[in-house]
Each structure stands twice: as C-alpha cells, then as structure tokens.
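Multiple structures follow.
The following pair of complexes shares a single chain, chain A, combined with chain B in the former and chain C in the latter.
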Partner chain A sequence: MNRWKIIEEWFFKIISFIAAYSVVLILLYLLIVVFNKGIGALSWEIVFSMPKGGYYFGGGGGILNAIVGSFYLSLGATVLAVIIGLPAALFINVQLIRLKRTQNTIRFFLDALWGIPSIVYGAFGFAVMLFLGLNASLLAGIITVALLITPILVRAFDEVLKTIPVELQEASYSLGSTRTETALKVLFKQGFAGFITALLLAFGRGIGDAASVLFTAGFTDNIPVTLDEPVATLPLSIFFQLSSPIEEVRQRAYAAAVILTVIILIISVSARLLSKRYSKNIIK
Partner chain B sequence: MKQMAFTYQSGLSSESVTLQNKIEMAEEIKDTSVISIKNLNVKTKDGDILKNINLQIPKNKIIVLLGPSGCGKTTLLKSLNRLTDLHKELKVSGQIIIDGQDIMKAGQNLSAMRQRMGLLSQRPFPLPASIYKNVAYGLKLKGIRSKKLIAHSVETNLKRVGLWNEVKDRLKSPATSLSIGQQQRLCLARGLAVKPTIILADEPTSALDPISTKIIENLFKDLKQHYTIILVTHVLRQALRLADHVVFMYYGEIIEQGHPDDILKNPKTAILKKYLVDGN
Partner chain C sequence: MNRKRRLTDSLVNIWMRGGLYIILAIPVFIGIGLYWKAAPLLNEHSLTDLIFSSKWFPMKGEFGFLPFIFSSVYVTLLAFILSAPLCLFAAIYLTQFSKRRLLNFMLPVIDILAGIPSVVYGVWGILVIVPLVSGSIAPFFGATSSGYSLLAGGIVLAVMCIPYMLNMLIEVFHTIPVGMKEASLSLGATHWEMVKHVIIRKGFPGIISAFGLGIAKAFGETIAVLMVVGNTLNITLSPFKAGYPLPALIANNYGEMMSIPDYDSALMFAALLLFVVILIINLFFRYFIHKTEKI
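On to the complex of A and B.
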C-alpha cells in the first residue's frame, strides 16, 4: 500500500472513531447531568405518591399521577397507532407491491408527516378538539400523540417489511396463500421482531413528548378514571417544575427527568431483548 | 399441429423419422403434455424478456431450462404459476394452458392453480415458523384441520425428501436451525405436501454443497415418476444428469430444444455450440 493510501485509511478510521464515540459520549454526558441533578431529589415518595396540595410550589407528595398518566396516554396512543399503522404498512408492501409509484408517494407523505414538529400536532389536535367540542382530556391527548407517532410507526413497520425477501412472499404465494394470508401468516411473523422494536420506540417517543400534549391533554393532580378527564404527563410535569422559581421544585424536575429517562432506557433495552427473542424464526 | 411437429423436430434423433412419425410423436406429446405455452411474451419498458415462447411440457419428465444468466429462464418459470403478477413492470401476454385451462385468463383461482405447482427457489426460503409448521402450512391453507391428517402428511413428506430421520426429534425447532441443504429439502417437502402435479425448480442446488446437490438430484429422479419437474439450471452436467428434455434459451428466445443427448452433444446452432464450449 502506498503512503497516501495508508494516510487516507488512517484519516477515515479516526474520523469514524470520533463520530461513533462522540454519540456515545453525548448520551453519557446527558445521563450524568440529569442523574447528577436529579438523584438528590429522587425518593420513593416522588415515585409512588400523588401530589399533595401545592406540589408545584414546594408542597409535598410525588408525581405518580404524571407517571401513570404518561403510561395511560402513550399506551392508548400506541394502540391506536398500531391499529392504523400495521394494516397501512402491510397494505403498502403487499397490496401495492406492483404499484411502486403509489408506494413511493405514500412513503413521501409519511416522511413529511414524520418531520412535522410535535407542537404543530399539538396545535392541530387543539383545533380538532375545539371543533369536536372536546375538553383537554386523556382522549384528546391520546388522539394527538397517536397522530404524532403513527407516521413514525408506519415507516418503521414499512422499513421492516421492506427488508423481507420477495422470495419469501413468492414461497407463500406458491403454496396457495392469498395476499392477506401472506401478509398475516408470513410477513407479520417474519417482521415480528422488528415490529416489537418499532412499537416500543414509538411508545418511547410518545411518552417523552411534551409539545403535542401541552394543549390537548390538560394537567391534573389526579389519575384519570375516564377518557374525558384531563391527564398529567411526565414531560409537562418536568416543564412546570422547571419553570418554578423555587429551587427545590426545580430539583424535583430533574428527579422526574431521571424517571422519564429510566423509563425510556428500559423501553430501549426491552426492545432489543424482545427483538432478539423473536428473531429466532426469522429468515435472514 | 404443424407448429407442434416443428416444435419437436429438433428433439427427434433420427433423420429417418418420417413426417407421419413426427406428427404422431407430436400428437403423443400433446396428449401427455401437462403444460402448453403459446406465444408467451414478457416485456418491460426496457425491452423484451421473453419473446414468443412456444413450448409443450410433457408429463412426468424433467425439463431443463438451460441458458446464460439473464436469458429469461426464471421469468419463464415464474410465468408458469403467475408469480410474474407480483411485478408490475412485467407485461405478460400469451397463453399458458395447464391441464386444459388457460391460467393467463382473468378470474383464475390463483391459489388453487399455484398449489398445483411446487416452487423451489435458488436459495431455500422456509417460512418463519417451526419445521412442522412449514410442512403443515399449505395443508392448513387447503382447509385441512384434522391434526392426525396433518401430522401424517408432515411425516410422509419429510420421509419422501429424506429429512424425517434427521428432524423427527425436533419438529418444533425453527426451520432456520436446519442447514441450507436441509432447508432446501424442507422447502421441497412443504411444496409436496399440497399435492402438486408440477415442480418448478429455479436453480435449486446453486447454494448447496455437492452432497446436498446430489441428494436433491436423486430426489428429482425419484419424484419424476409422479411429477413433472421444470428445472432451471446453467450447470451443463446437471442438465445431462437429470434432463429428459432440454430447452436452451438465449436472450428471451428458445434457440434449441430436445433430448439432452441431441442438444448437448450435437448442437445445431452456433449460439448453443459457443455456450457449450464456454460452459465446459
């Protein structure tokens, strides 16, 4: 190898090394800052108790309402998004297999929807909410977050389905399957591990978003019992606490951020583990 | 009829065969032919993939489609069970008559038609399920619900492909846990379970080691008693070992066809001569 090729080789090796490890370092730095600031205020009371009167002005209690509320909201939104997203992704990849232009047009719109900031979804959800005469509620929050994560979910499912070899579809058709049978009995199973990952990542995106629920989900010190009651969420809880002039409350915001980060880390790790577990049947 | 006689002219080994004999032979082939392809054309916007293919495929024989890469062998094979329907860029016209039915006509029951043809692809593609479920899949599609019947069929077909003894203790294991050669035999068993009459094999041994290749070839020799096998290959020796009838294709056209001894040992066209010289 001549000298320039050796230099070129080393140059790209160093650039790649720096790029890869800087991503890891940024994540580690973020975790250190959040944990460092929040761990002092973290207690069983914060995690497992409801806010007592004046919590956001330094009163006692915890943010159980926001933790449970976030789960309710994200779970509802994810279920709704899957109900829409999975058939949509299967439709794009099975029924539209011969219509590449239509497939690409739909993908273009989904990508555009993916790129819209979540505050715009919040504003849109708010307008729809007013139009339908709904109050800020769990239902309105679920619908708005579902709108936010559906394009993400469809494209993630779509990417999973795109990786499935066309020969597997041909094998299924040649055994006499219809398109629907191929979609449900072959493609769904083949893509299952990827679907689980996509689902959990969408759930993570939903649970962590503040802007889309700012106008639509409301906020409350209680855990909602019905869909038309307002719901507290962790991102908004962090936002309200960080806005407080009281130092103790701001510290609690970081404790809430630690809780949210841990939830998202658990979701990411679960996604990896489940994906690994369900990929044993997958044809590579 | 003229066309039939012409189609098989190159397959007749002796020049002493009279016109009457040729006509009789063509009629015999027509009677026993399971597939009749007439004026089949497959086009894309970039050009023709198959040009005016006319072919009679006789029953219970191994027909080898031979030719260089890109000559249209796989497209011809996939036209036979209309897997070409999955590709919008392909415009298919002509007739493919299987057991008296033109499968190219609209309103065909594609599922039933495809179940009559087992497909083996270049690389095995077992379904994402256990070994047992792979073989049972087609049966369930056919509406068979009896667990006894399904279990019997799974065992019978795994035995047929010589896989039963290797997998009988791990039928619930993922199909992907098998070696590539075993997966290919599993795919064959899966296809046989739905009781096809025709087996379409697209270079089924190209990803296999010599031992697995030999197993598959021997299986084909046994299976031809009950099935018509259409095999795509570009391995000349494999064609010689297996074929009852060779169809040589070049740039989407059938150049020569006939008995392997005639076609591969005494080629008539310059294209085939060159292919055989280069291939060897």
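On to the complex of A and C.
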C-alpha cells in the first residue's frame, strides 16, 4: 500500500468519525440548552393553572389551557385519522395483496403526501373552513390536523403490515373466513404492535405541529367545551409568548418548550416500549 | 356463509375502500382548494408577474413574490450545504466504520429527535444561534447583524434536517448487499476505497433522493425558520441580513389577510406555490427511490 492510500484512508475515517459524533453532540446540545433554560422557569403553577388576567404582560397563571387544548386537538385528529386510515392500511394489505404494482403506486403517493409541509395543510384547512362556513375552532383544527397525520398513520402501519407473510392470510381464507374477518381478526391482531407505534407517532406529530393550526384552531385562554370553540395549542402558546418583549413572559415560553419536549419524548419512548410489549403476542 | 357475515363483509369493504380513496384524494383537494382561493389573484396578474416581480405592496394591489422565493431558496440551500456533508459522513461512519452497537443505539435516538416539534428547534435557535451569529460569526466576517438573519435560519433548518436525512441515508446504505462490499475488500481495497467505489456509487440514487427530500422538507419548514430569520423584505446575498421565506409570509400575516383586498388570495397563492414545488420534488425523488428499490 502506498502512503497516499493510507493518508486518504485515515483522513476520511477521521472526517466521518467527527461528522457522526458532531451530529450526536449538536442534537444533545439542543436538548440540554432547551432544558437548561426552561427548567428554571418551570413551576407547578405553569403546568396546572389557567392564564389569569394580564397573563401576556407578566401576570400570574399558567398554560393549562394550551396543554389540554393540544391534547384535545390531537386526540380528536387521531381518532379521525384512525377511522379513515386504519381501514385504508388494511385494504392495501388485504384486498390489494396480489396487485403489487397498485400497492407500490399507493405507497409512493402516500410517501409523497408525507412530505407536504404543514403550513400547506394549514392554508388548505383554512380554505375548507371557509367553504364549510366554520369559524376558527376545535373542529376546524381537528380536521386540519387529521389531514396532516392520516398519511403518516397509514404509512407507518402499512410498513408493519407488509412484513406479515401472505401464508397467514391464506391460512385464514382456507378456514373459510371472509376478507373482513381476515383483515380485522388476523392482520390487525398480528400488526397490533405496529398499529400502536403508528398511532402514537401520529398523535405526537399532532401535538407538536404549529403551522397547521395557526389558521384554523384560533387561540383562547379557556379550555374549549364544545367543538365550535377556539382552542389554544402548546406550540402556538410557546410561539406567542416568545415574541413578547417582557422577559418574564419569555421565561414561561422556555418552560412551555420543556413541557412540550417532555410530552413528545414520553410519547415516542412509550411507543417503543408498547410496541415491544405487544409484539410478544405475534405468531411467528 | 350466513347473511349477516356477508353483509358485514361488504359493509367493511366499502369502509376500507372509502378510507383509501379519501386519502388518495387529499392532494387533489388541496390543489383544487388552494387554487380556488388563489384564483382572484391569478386572474388579475400573470403567473410570471407574480413570481418574478419584487414589488410587494399589498395595499396598492401589487404582489411580487420574488423576495420571498429568493429568501426561501437561499435559506434552503444554506441548510443543505451545512447539513448534507455532515449527514453523509455520519451515515457512512455509522453504517460502515462503527460497531453495530452504536448504530443500534443511534437509530431510536435519531427517530425520537426527528419527532421533536419545530417550535422547540426555533426556541433553541433564538437561544443559541441568534446570539452566535450576532456575537461571533458576523463580527468575524466584519459585518454587523442583529442575529435574526438568513444564516440563523439556515443553521436552524440544517439541524432540523439532520435526523430526517440521516435516517434516510442509513436506510439507503443498508440496502447495499454485503457481498458487494466483501468482494471489494477481498480485492485489497481499503475501507475508504470500498466506501468510495462501492457504497457511494451503488447508493448514489438513494443519496441524491435523500438529499432531495431533505431540501423539500427544508423548503416548507415554517415555525422554526420564522422565529429566527428576521422577517424583513430583502433581496441580498449577505447571509447576515434578514430574510422573509414563503412559509413565514403565510404564517405571519394570517391575522390581517382579510382586511386588505386580494391579500388572502396572495397568501393562498404562496401556499399553492409551496405545495406544487414540494409535491413535484417529492414525487420525483420518491419515484427515483421506488425505481432503485426494485433493482
């Protein structure tokens, strides 16, 4: 081996080593900064109380309205996404199982749909809202977020369903079950771990997304009781508080960012744990 | 088969089929809906006028999107230049040089980080990147900057794209058959030569696609960029000046869009523009991936 070869080898090995670890460090640094800045401002009052008078000028209170609002919104959207997305994912893997080309085309479109930015969904949700004559409300927000997360849910669930061997379906048919029974009792059960992961992935995405609800959900200091009331969301609450010139309000935005990050981390970690737990029941 | 079972079967079948059709119709409806709202503007101005004019005076009815498009492209390219090499080398290290254990540890971590909301990245940008740009980077180049700049937007976007692109690149490198790598090594190639001649060459379509999809994601990212980019109309090559990307324009002006005539159509046109550009990029590179996956 000549000398240049060795130098080149080491040079690129070191470069890629540095790249890999700097990626880890940057992302770690991000979490540390956000937590470090926010933990100091975090208090029980922020988590468990509603905004009081003059909250955005430094008055007392918390962001319970935004936390609960985000949960309402994302829960509603996830339910809607499951109603539309679950049968669609099963359809791709049961009825279309022999049509590989159609399957691939559908997956290809869903993947492309995944990449559309949430601000576009937000603008579209706004157009739908005007079309249906709705105001900025929980319902409009739920519809918009559901549009955003349905492709994610379908594709993530489908990714698991497609690994289930065809023989399992054939066995089910040979025992005389219908396609519906095969889909719901065999395929859904077998892919249940994947379904949980997909569900939580979509839910987390719904909680964290700000741009799609900017137009459609409105903002309020109250927790909505009915579907036609506006709703506050956590990301927007952070965004609004951060643009305040008052230091105290900005501090609370940092605290809210910690709350949001923790919620998202809990969701993604529990998605992993749950999917591991439910995959024990799978027939191999 | 009794009648009840048959009935359930056909009803559920309709439900499943309906669900799928609804989802596949979403992009069509988005296109139609946005076009419907943007139509008043498109009737009054020609498309080239809207895209290539830099006169932005909504009060006078002049809508030139060039400054916004320019800022969007600038920030996206900056993010791409910063993150692409980093991701490529990191993916090479994780899949080729490091121990399997590190990769197994990193994959879930990357996944989790990809799920962190963009507003958190924005908070980080304000806390770290903005002071960094105004305090160190701009003075180093002899410029003054408030920190809220195209560069800050680019850096935050780059960091946001890292988990996304890295994930795809790792997947691409995993699809390359081990036999090919072994053949190369057995002929006396060093590890790097193997990477250079086999991994990069064989994975080239995948790498390009991952980069392309990363660009598409950066192009449409809203909140995080909006928080650090300054939001001032500017066509400038200096990265230390503020910019105003398209998504930020939409997000910033939703409050006043009903009070100025045609302003709402202008914002919907911006959304339509984003939608079309990103859908085309996505379809193109996804097609690329689907083609290569089959081979």
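The criterion applied here is as follows: the second predicted complex is superposed on the first by the 256 of 284 C-alpha atoms of A that agree within 3 Å, B and C clash if a C-alpha of one lies under 4 Å from a C-alpha of the other, contacts with A are read in each partner's own complex, and residues count from 1 in each chain.
Basically, a residue touches a chain if its C-beta (ideal position, glycine included) is under 8 Å from a C-beta of that chain, and two chains touch if they have at least 3 such contacts.
All values derive from a computational prediction rather than experimental measurement.
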First (chain B), second (chain C), both or neither touched by A:90: second
Partner chain(s) touched by A:178 [first = chain B, second = chain C, both, neither]: both
Partner chain in contact with A:268 - chain B first, chain C second, else both or neither: second
Which superposed partner A:168 touches (first chain B, second chain C, both, neither): first
First, second, both or neither for A:224, with chain B first and chain C second: neither
Touched partner set for A:62, first chain B, second chain C, both or neither: neither
Broader residue contact with chain A after superposition on the shared chain, chain B or chain C: C
Chain A positions touched by chain B in one structure and by chain C in the second: 176, 178, 181
Contact set on chain C toward chain A in their complex: 1, 5-6, 8-9, 12-13, 15-20, 22-24, 26-27, 29-30, 33-34, 36-37, 85-90, 92-94, 97-98, 106, 108-109, 111-113, 115-124, 126-128, 159, 162-163, 166, 190-193, 195, 213, 216-217, 219-223, 227, 247, 250-251, 254, 267-268, 271, 274-275, 278-279, 281-283, 286-287, 290
Contacting residues of chain A [partner chain C, same complex]: 1, 5-6, 8-9, 12-13, 15-20, 22-24, 26-27, 29-30, 33-34, 37, 83-88, 90-92, 94-95, 104, 106-113, 115-124, 126-128, 130-131, 147, 150-151, 154, 176, 178-181, 183-184, 201, 204-205, 207-211, 214-215, 235, 238-239, 242, 253-254, 257, 260-261, 264-265, 267-269, 272
Touch list for chain B against partner chain A, complex: 78, 81, 83, 85-89, 110-112, 114-115, 117-119, 121-123, 125-130, 137-138, 141-142, 174-176, 187, 190-191, 194, 200
Residues of chain A defined as touching chain B within the complex: 97-100, 165-178, 181, 185-186, 189-190, 192, 280-284
